[in-house]
C-alpha cells in the first residue's frame, strides 16, 4: 500500500493494484494534462492536473463503497482510470476529436494498462466506466473536481461537505441516490457547479485561448492517432515547431498571453448550417485571424440526481426549488462568440455585423 | 489603535473611539450573549458570541467605506453597536419582548454608551442603525454572521468571497448596490443564507430548547426592564434559583439536554386566533409539559438586494434565477410545531390529533 | 450511533455507550466550562468549551486505536471522560483546589456516570485515565486541544498534520511511540505547543483576569465540595451576588474587562517561603487590590516523547535538535507577576520595589 | 489596475506598470517554470509555478511598503521580477549553469522587460534585487513561497501569520527588522522553512528525478545561451527528441516515473576532489546509469534575521533558542547520494562500497 498526500483528502491510500495502474505511462501522462485547460490564464494558480483529480476520484469512490459494500470493486478502479483519455488541455480539443471517454476506452484496450489488467478485465473495466459511482450526476468524479477546482482557483463557490455526502449516498437498484440527510449537501454540490461554470469553467479568457489552440491544431492537421497519447509538452512543442507560420504565430500568442479579442457574443441559438456558414465566411475573409467559438450547450444533468425520501426515490429537482431553477441557468450562461486578433478587430467587427 | 485577532478577518483594527465604545459594560455584555442561541446543542462548537460578530461587522463596514468614502463615518460605529440590544440567547426571547433592535436603541440612550457618545451623537447614531451598510439585504452584518456561523458550526454552506463582495459594493443614492463583478458573490451570499436556515438556524434541537427557555422565562414573569441588561449568566442562574418548580425543572432539562420531543409539525398556516386557542387548550391540559412553537415566517428579503448592470439598478432577483427561486424556499422550510416532555409524549400526541 | 459535526474532525461518531456517557449531567456540564479560561479577553473568539474538546479527544483516541487494535477499548472511553473534572474556567482555579484530574476521578465515582458504568467499570476506567493514549506527551488530548485552540483563536501556530501523526503512532510495550514517518509531525506538535504557550495560554490579559477570579473565589470561601460540580454560571452568579463588596467588585471588573495592571514581572525563581511572604505583605497593605501571580513552572514533558527509529525506541529529543531546544524555552517564558488595580498602581509599584 | 485572484492572498492588485512587466514574454515564461521542480513526483498537487509566486511576492512587498513608505517603490517591482531568471524546473539545473539570480539580471538587461523599463531603470531595478524586502532572511519572497508551497503540497508546516509579520516588519537603516510583536511569527516562519526542507524541498524522490534531468541536460550539451530563455516545454521536448539514446532514455524514465534507486547516502563531507573522483569512476564504469548527487550545503541564513527589542536591534537567534537550534539542523538533513538504474542497482552498490 502506498500513501499519497493530497491537500483535498489528506492521505489517499493506493493498494498494490492501484499502484500498478498508476505506474503505467498512460496514467503518468495525466501529470501533463492540465485539469482546467487554459483557466490558468485567468486564475494563475489553477495548475492542477488530471493526475491528482484521478487519484481523488478513486479515493471518493472507495469511500462511497465503504458505506455501500455491494458496489463492485471494479467500479473503484474505473474511477481511477475514467479520465486517462483526456487530450492535452482537457476539454479544449473535444470539438476536433471524439469525446475523451472514447479515448479512455481506446487507451485501456491498447496501452500498458491492458497488460496490467489482462484482456478480460480490460473489457470488464470499460463497462464499469458507466457505473453511477463515477458517471452520474452526483458521483465521485464531480465531487472531487468541484472541491479541487475551487481549492486551486481560490474560488469560494466549490466548498461542499464531501463527508456528509459520502455518508449519505445509497447504492440501490443500480442507482446512487442521496439519502435524506444528504439532500442539502447534494443541493450545494449542484449549486457550486452552477456557480463554477460562469466564473471559472466558461471564463472568457480561457475560452479565447482554447479557440486559438483549436485553430492551431486544426491548421497543423494533427490526426486522432497522434493526439491520443500526446501530452501537453508534445502538443505545444509540435505547434511551436510547425512549418506553418499561422500555427507558430497562434501558439506564440497563447504562450505570451496576447489573446484575441471578443468581437461578438450571443445567446441566440444557431442551426448547424448557420454556424458552418459563419465559419466559412470568416475564414474566407480573415483566415486564422478570426475565430468562431460555438460550444455545445452544457448539459446540466441536475434532473438525474435522485434522492430517497422515506421509502420513495424522487428527483432532487422535485424536492429542491433551487435545483429546479438551475435548469433555467443553462440559457443564461451559454453563448457563442467571435474572436479576432487585435489588429483586425475593427474589420472583423464590421464584417460580422454586416453578416448577421 | 488596538488590534484584535479574529479567525475570520485576520486582524481587526479598533480606533480610539471604537475602543471606548467596546469598553462599556453594554458592549462587554455581548461576550455573554451566544450568537446562535441554543444551536450549540446540535453543533457543539457554535459557542461564538455577539461580541466577535459585532467587531467583525464593524470591520466589514469600515472596509465597505474604504471603497465608498462618501458613506458617513457614523454608519461604521452604528455597525459596531447594532447588536448590543440582543437578549440572552439572541433571538430566542424575541417572542416575549420587543425586537432586539428596540433594545439596542434603548441601551444607546440609557447606558454608559451615551456617556461616551454624548446625547447628540447618541441620537445621530441611532438613526444610522438603519443605514444600508448595516441593515440591508447585503450588508456588513449579514456578511459577517454567515461566514462566522459557518466557521464555528463547521457547516460548508457559508463560504462567501467577502473580499470580492466588499470590492464591488457601491453606495449610490442612499443604497448599497452590488456592482456587476460582485453579482456571483452576492448570489452566493444569499444562497449560503438560504442553506444555513434549515441546517443551522432552524435546527429542531435548538428550536425545542428555545421553546423550553421561553416557557421558563414566561413562567418566571421576567419583565422587560430586567431582561434589557441581563446576560446569559444572569438569566440562567435566575431560572435555576426560581421558586417555581416548573421553571427550575425546565432550566435543568435544558442544562442536561433532556429536551422535549417533537409531537407534531406542520407547514400549514394558522390564524392568530387558532394559535391562541391551541396554546390555551394545551396549556390547560398539560401546563408547561407541552409547548407550541409558532415562529414568525422568515423574511427572506432577497427581493431587496440590488445590483448595478451597466448604468441601470435592478433587483438581484431579476438578474438571477437562483435568487428568484429563494422566495419559494420560505414555504418549504417554515413550520410550526408542538413539543412535549418525553413522559407525556403519547398523551399530548393523542390530544393534539383530536384537536386538529 | 450518533454523528456530531465538528469543524476540526468533520464528523465524530458516538456509539451507543458513548452517547450514554455524554448524556449525563457531569458531561453536559462541560458545555459550560470554557476550554481556555479567560483567553477570550485577549482572543474574543476563543469561546470553545471542554465539551467539544472531550468529543475530539475521544475521536482521536478511537482513530489511534483503529491503527493499534491491541489498545483496550476502555482507553477510548477514558479519553472521552478525561476532562470532566475541570473546574469553571478550566485551569484557573487549580491553585486553590486539587488538580482537575482528582476531580475527574471523584466525579466518575460519585456522579451519574457511575450509574452508566457500574461500579467495577468505574474503577477500571479510572485506571485507564493514565493510559498513554490520553495522558502521554503525544496523545489524543494534546493533539485535539492544540489544533482546536489554534482554530478558535485564529493563531497560526497550532496547525498539525493529525492524520499523519495518527497513522504513525505505534502502541508498543505499554507506550505510544512515534513511527519514523511521523517524526516531523510529532516535532511540529511539540513546537506548536511551545508557541501556543506564550502567545495564547500565558497571555498576560488572561493571566490577570484569572488571578482576579482566584482572589474572588478565595474571598468567597468556596469549598471543594461546592466547586466540584459548579459550572461557570453557578460560579459567576454566586460571585456577583456575594455579600462581600470586594468579591462583587472583582467579579464586576472581570465582567466589564476593567482588569488590574501588571506592576512587576520576573523570571527569577522564588522559594515557597518568599512567595508566601510577598503575598502576605501585599495583602496586609492592599487587601484584594494587589495580587501575586506565581504560577507553577510548566512541565514541558517533551523529554518523554518517544520515537521508533528502525528497531530502537529513542527519545524524540535525542533525534530532534529542535525538540531538545524546547527545554530551554521553559525558562524563557515562565514569569511570576504582581498585579494591582489601576488606581493604586503607583503605590503598589512603590511598595513592591521597596520590598524586593 | 488589474485584479488577480489568488488562493493565498485573496486578490492581488496589479497597477498599470506591473501589468506591463507581467505582459512581457520573459514574465509569461514563468507560467511554465514549476515552482518546486520535481516535487510533484512526491506531492502530485505541487504544480504551482514561479508565475503565481512572483505575483505573491510583489503583493507582499507592496504590503510591507504600505507600513514602511520610506522603502523605494523600485524594491516592489524588483520583488515582481526577482525570479524571472529561473531555469526549467527551478533550482534543478543550477549545478550546471550560473545561479538563477545572474540569469534574472541578464534577462532584465536583454529582454522585452528592458523595453518596458528603459535602460536606466533596468540598471536601477537590478540594484534593487538585493533590497532586503526581497532578498533578506525574512522577506516577501520567503514569506510567499513557504505559505504557497504548504498550500499546494498540503503540508502542515508552512502556516505562517503573514499579516502579523507584515504589520511588524520595520525598515530601518537599510535593514528589514522584525518588531517585538512579530517575533513569534518570524520564528514560526523560520521553523516552517526548516521543516519544509526535509519533507518537501529535499524529498528524495524529487532529488533523484532532478539528478536524472541534470545528467540528461549535460549529455545533451545544452549551453547557457540556450537555457536562458527555455521553458519546461522547450527543454523536455528537446530531450525527448535528442539524437542520443541515453538522453531520450533518461527523459522517458522521468516522464514515466521509473526513477533510479538510492544506492548510498551519507552526511560525511567530501572534498571537491573526492567528489570529482567519485563521479569520474562511476561514470567510467556505468555511464549514465549511475549518478552522484552532491548538493551544496543549504545556507540556513537564520543568523541574519534581526529583531528590534526596545531600542536595540538583535539577531533573532539571540532572542530565540529555537532559531538558534535551527543551525544544528543543517548537518542533520544534508546528504550526498549515489543513485542507479534499477537493473544495475547491485553492481553499482558493490562498486561504491569497494570505492569508499
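Which chain is which? They are A, B, C and D, in the order written, and residues in each are numbered from 1.
Quick note on the criterion: contacts are C-beta pairs under 8 Å (C-beta built on N, C-alpha and C of every residue); 3 or more make two chains touch, one makes a residue touch a chain.
Small disclaimer: the values here were computed from a predicted structure and weren't measured.
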{"item": "Neighbouring chains common to chain B and chain C, by label", "value": "A, D"}
{"item": "Contact-richer chain pair [B-D vs C-D]", "value": "C-D"}
{"item": "Inter-centroid spacing, chain D versus chain C (mean Cα positions, whole Å)", "value": "41"}
{"item": "Distance from chain D to chain B - Cα centre to Cα centre, in angstrom", "value": "50"}
{"item": "Multi-chain contact residues (two or more partners), chain D", "value": "10, 155, 164"}
{"item": "Interface residues, chain B side, partner chain D - complex", "value": "3, 10-11, 163-164, 167"}
{"item": "Residues of chain C touching chain B in the complex", "value": "4-8, 10, 23, 25, 28-29, 31-32, 40, 43-45, 47-49, 51-52, 55, 151-155, 231-234, 236-237, 240, 255-258"}
{"item": "Of chain C, residues touching chain D in the complex", "value": "155-157, 159-161, 164, 184-185, 187-188, 191, 194-195, 198-199, 321-322, 324-326, 328-329, 332"}
